[in-house]
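Okay, got some structures for you below.
One chain, chain A, links the two complexes that follow: it is found with chain B in the first and with chain C in the second.
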Partner chain A sequence: MERNTRRNFMKKLGASMGVAGVLGSSGLFSSCAKVETNTSGKITLLTSDGELVEVEKALLKPADIPSLPENQKRGRLGLSGRSWVMVIDLSKCRNARECMKACQNHHQLRPEQHHINVLQMQDAEHTAPYYMPKPCQQCDNPPCTKVCPVNATFKRDDGIVLIDNERCIGCRFCIAACPYSARVFNWFEPRDAEKYEGVTYNIEANVPQKKGTISKCLFSADRLRDSKLPSCVSACPNGVYWFGDRNEDAVTNGTTKETVSFSELIEKNAAYTLMEELGTKPRVYYLPPKDRAFPFQGQNNTHHS
Partner chain B sequence: MNRKISFLTIVTLFLSVQANAQDWPVPADQNNRVNPQEYNLANVNKGKDLYLKNCKSCHGDPGKNNALPLVPPPVDVTSDKMQKNTEGGLYYKITNGRGAMPQFKTTISDDDRWKIVNYISNFSPKKQPLLVDAPPVKAKLLASVNERERKVEVFAESENNGIFTKLPNTPITVSTKKAFGNIEMGKVLTDENGRAEFVIPETVIGDEQGNVNIVVSLDDNYIADIVTLDKAKVGQLKPTPKLIQKGILWSTNENIQIWLLFSYIAAAGGAWLTIGYIVFQIAKIKRLSKE
Partner chain C sequence: MDKIESAAESRKLLNKITFDLTRSIVKKDELTRFWFFILIMFAGVGLWGWTIQFSTGLGVTGMRDYVSWGMYIANFVFFVAVSLIGFLISSALHLLKINWAKPVSRVAEQVAIAAVALAGVIIIMDMGRPDRFLNIFLHGRFASPIIWDVTVITTYLVISLLLFYIPLIPDLALMRDRMGKELPKWQIKLYTVLALGWKGKAEQYKIIYHTLRILMLLIIPVGLSIHTVTSWLFAATLRPGWDTSILGPYFVAGAFVAGTAAVIVVMYIYRLRYNLKDYFQDLHFNYMGKLLVFVCLVYLYFNINEYLVPGYKMKLADGIHLTELFKGNHSGMFWIVQLTGLLLPIVLLLFPYFRKPLPIAIISLIVMISAWFKRYLIVIPTLEHPFLPVQNVPVNFQNYSPTSTEIMITIFSFVAAFLIISVLAKLFPVIAIWEYAEDQGIDKKYLTENLKN
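And now, the complex of A and B:
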């Protein structure tokens, strides 16, 4: 009996590994095919404003809510012919944080989670401090998508980098790869988790969020499908954001609704992108914080990098 | 650390108190300053242009009370609260801003800020208004596109005592539709027959087939239906560069490269084969031990 211990152990190990493998793979297949169903007369829907409404099932046309596989498919293809870009005018930002609030409402984010964050910047010891909203840069050469081992995060043809949290395994390689710290991890149950129970996952808003998966800014891809500006852009009271299609060379201001030529705007104002030297080719352009519309209200930080 | 927190608390309290304060004190020497810009039609007009560009997005159209719903609310130009200010006071507030109101000393020159004050004074009960906006007139717009000559031909009429007659010397705005709004291509004045021709610039970008959606409109002084000319073939083809190239990125299974697919299958299959081989060997050892 004593003699056979190692052999028995190996035998058990082999058997349990085989079983685990079979179970694991079958679990993988079943999770891919699982579609949320709701048998009651009412269905909870997420409006594009980030509010949940209860609607009678009979009132709904089936085309309005695509099934999960269909949603995942069109979410991966993107809006054809578009090439979304954002221009952020740093001279207009007052740190009102309306963009952050709108974003957190739309994407079901806890207060400490940010798809877009307004940072207090000071580039050098004697330069003026300023506020800098920082969303995901939606790089054309994204480092994050290349490290994903399960193809959960990907680049679409209209320029947006998205996440499929049905696929995400929570390894957080993409967080490590992103030089802009644009990604957040759901360490805890997401905000209002009970309100979103039974809501079909929308890959273009990454809602409902799921504990143990990644989330990031996605230019409110669900709103773009409805020809609406992203949540942060429409929420800004100070005209900081311009958003539009680079292919048609036009960007629209979220506050004033003025539409101007994208190439002219970035050329006239000497726009720049963040960490250009990394070759990530960001899609978010910054206009320098020259002639700022609001005085800096925060505390000047003498520590700077 | 504690000191930092208390400092921040004081700063926040101070700011919130400042924002909630109903009145906005102006230093006496600033309050009594005299407007160096003469109150004349040219200056008021210039002030109007500046107001439309810089102030309207929050304060709204004068007299329409359509300001943005901010806290504290932006005050309408025609309101008593706005007109209670002296010219120097207005200049001080435009210059320095407070809370949600930007400081314009960095973006608008001194003279131009005084001209905005002139424009606000136009609505003052104490002054003779120089800019009198006539009530909007009903108008009709007809427009068509000549694709061969790349022209938009416009005919405008306005209502006079119930009859529509031609509308001469009136600016017509020609724009194109973009994803989230209309971008102006240019303006053109109607001739004495109420007609106008707008030459479409070569640089206009259309959709993938070069079709442009043209929008023709009159200014705020007229009530007219905006004319939209859909799918005029006058634009350049919209460039649609492919982002997802084979060899760099792929987002769908259809874009995957064959060599990668094969090497993946080979690697994954190899791993399973190895495991199978080990299991087979263990079974073999077991069988041999029984013999």
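And now, the complex of A and C:
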């Protein structure tokens, strides 16, 4: 009975997502829930931002939710012609952790599970400490996909490293192989498992999470498909993140929505990649934490090894 | 050994050998029953622990996102290590025509079979989704060292089973035809089926010798591979402490230490329990002791390389790892293991007194326990110190300590291995009767004359 209601809820959610598609609005209707239907042929929907909106009933159509095999197939192919990159400006990060929250909500993660983790760093004894958001580096030479015995984790043409938790056997070799500690494991039933019961698995968000399998940052590949920025990038209040397509040589700031040339941004600001000496070829670029906008307020309990 | 000419003497000696070596099979007493009862009970408890782990998730263990491999993997490496002894004793020493090792080879194969079979079980118990085990075959990616490991371990298990079974055939026929009165019907039936209609003809012996030779040659690359590939599960990563090219031979050398010790312990138990003083003689323990010193010296050499070279340079990440071992959280365990697992056997076993059965059995037991903890030290400290800081996670993510469920399941693996060895010892002679008789100078025709043709 209870489960049925949830199913219905998800169906409605799907239907309303269709509306969003029709209206072509920029994320306002991204996930609305139906509130009431009135007699005049209009329907009232609740958006994820908490606003009530009225929509013509005639405009409603079922959402385009692909079947699991279809989802797995297109999830493996990626978005053709794209080459996603992220630039993280360390001088702007003040440890607000909005990125971490948004990410955990989006990907159904427990509080201790991080697809993105804001670390307190200090490179050497006398150097200045700083905050460093650390998502998966989406390496072009990924040590994790190499070791997977069942091809459950793989690299797509658009540069994203994904995981198919319908196939993962939970051997955790990829965790051992990743030098960036970017991967997490579902040691128990995932957060809110009952809410997600019966929901079709979306490989591009890795939701619903599954007990006994791996999860990791995937640049919110489901949002990219909808032409939206990744959750963490959109959630940042401090303009830390730039995200975009290397093929277009354009990256957009998640906070200011400003779009600039990727190559110019990384060149002018002396961008670097994390532990490049390991040869993993990350797709996440860091701008050094010079002239920081905010003082470092954490403790220097960095544990760098 | 000289040939015994007199037929009566030959028959008498053969009867004695057969009687002595089948005593373990015929003997039925309270102690045996009690032993099996204990083993089955503990195995049951372990399996129950596994069902808890399966329904709750791997979170019932002490493992978390940073130390994501724990006691199970350390235990897996230990079992693979012990299994390697089958290759050393029943192949390498045989091919080198080292005769004293012959009576030990069936013990070595028993240990190898039990250890490698359990290694496979342990790895399944470590999986987050054991129900998806078949994915390894459905979606196997040959680029993953895990697939290589699965391949070589299964191959090694098959060859070890054959190396155990083929030299057993003449003995099976002997028991089939001689022991009808002493053993239950099903057991005789089992021997009849397994003996494959053995008649003791010269051509049949020829087939056995020929097959064994091929298997002994085949197991050399496979044996070296199982432990080398197992080491690559670690060496193929970028982590300090694992990221070293020496890991393959280092693991192989360590495996010989653990395996030799295991065989000595089992030999001692058989000698005592089945009254086989004349078969597992002081001489065998003496030689096995010398072998243990030799493999320990090789392992010492690799240990020096493994710790001295990075310790000399103290690169940042390596330095943290080594400091942790030498004087950090794991230093107590580290120094005890190096002392009792390596230096102690080398020094003590140089004295003939300690190569006598009881002292060497005790030393071997200590070496085995140390070898287990050595695997623990290879797996866990490295994972506790990744390149990037461990932050924004609960305290139990930073330091690993195994839980009771985890320990229960680990004990299961030992109990199950003992169970396999015990069943093998209960069903089949622990030394090849025909081979032993032949070495005592008894002509093959006396073996054959007892067979029903």
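In this text, the second predicted complex is superposed on the first by the 237 of 305 C-alpha atoms of A that agree within 3 Å, B and C clash if a C-alpha of one lies under 4 Å from a C-alpha of the other, contacts with A are read in each partner's own complex, and residues count from 1 in each chain.
Basically, a residue touches a chain if its C-beta (ideal position, glycine included) is under 8 Å from a C-beta of that chain, and two chains touch if they have at least 3 such contacts.
These figures come from a predicted structure and were not determined experimentally.
When the two complexes are overlaid on their common chain A, residue A:245 makes contact with chain B while staying clear of chain C. Once the two complexes are laid over each other on the shared chain, residue contacts for A:294 go to chain B alone; chain C is not touched.
By the touch criterion stated above, A:275 is placed in contact with chain C alone, chain B being left untouched.
In the superposed pair of complexes, A:143 makes contact with chain C only, with no contact to chain B. In the superposition on chain A, A:41 makes contact with neither chain B nor chain C.
Once the two complexes are overlaid on the shared chain, A:261 sits against chain B while remaining clear of chain C.
Legend: residue contacts after superposition of the two complexes on their common chain; A:83 is shown touching chain B, with no touch to chain C.
In the superposition on the C-alpha atoms of chain A, the part of chain A touched by chain B in one complex and by chain C in the other spans residues 146.
Residues of chain A touching chain B in their complex: 7, 10-11, 14, 17-18, 76-77, 80-83, 91-92, 94, 96, 140-142, 145-146, 154-157, 159, 227, 229, 237-239, 243-245, 247-250, 252, 255-261, 291-295, 297, 299.
On chain C, the positions that touch chain A within their shared complex are 56-59, 63-66, 68-69, 126-130, 132-133, 135-136, 138-141, 143-147, 150, 233-234, 236-240, 316-317, 320-321, 383, 385-394, 397. Chain A meets chain C in the complex at residues 100, 112-114, 117-121, 134, 143, 146-152, 167-173, 175-177, 179-181, 183-189, 211-214, 275, 278, 301-305. Residue ranges on chain B touching chain A, taken from their complex, read 4, 7-8, 11, 15, 57-58, 68, 70, 97, 100, 102-104, 106-107, 178-183, 205, 207-208, 238-244, 248-252, 275, 278-279, 282, 285-286, 289.
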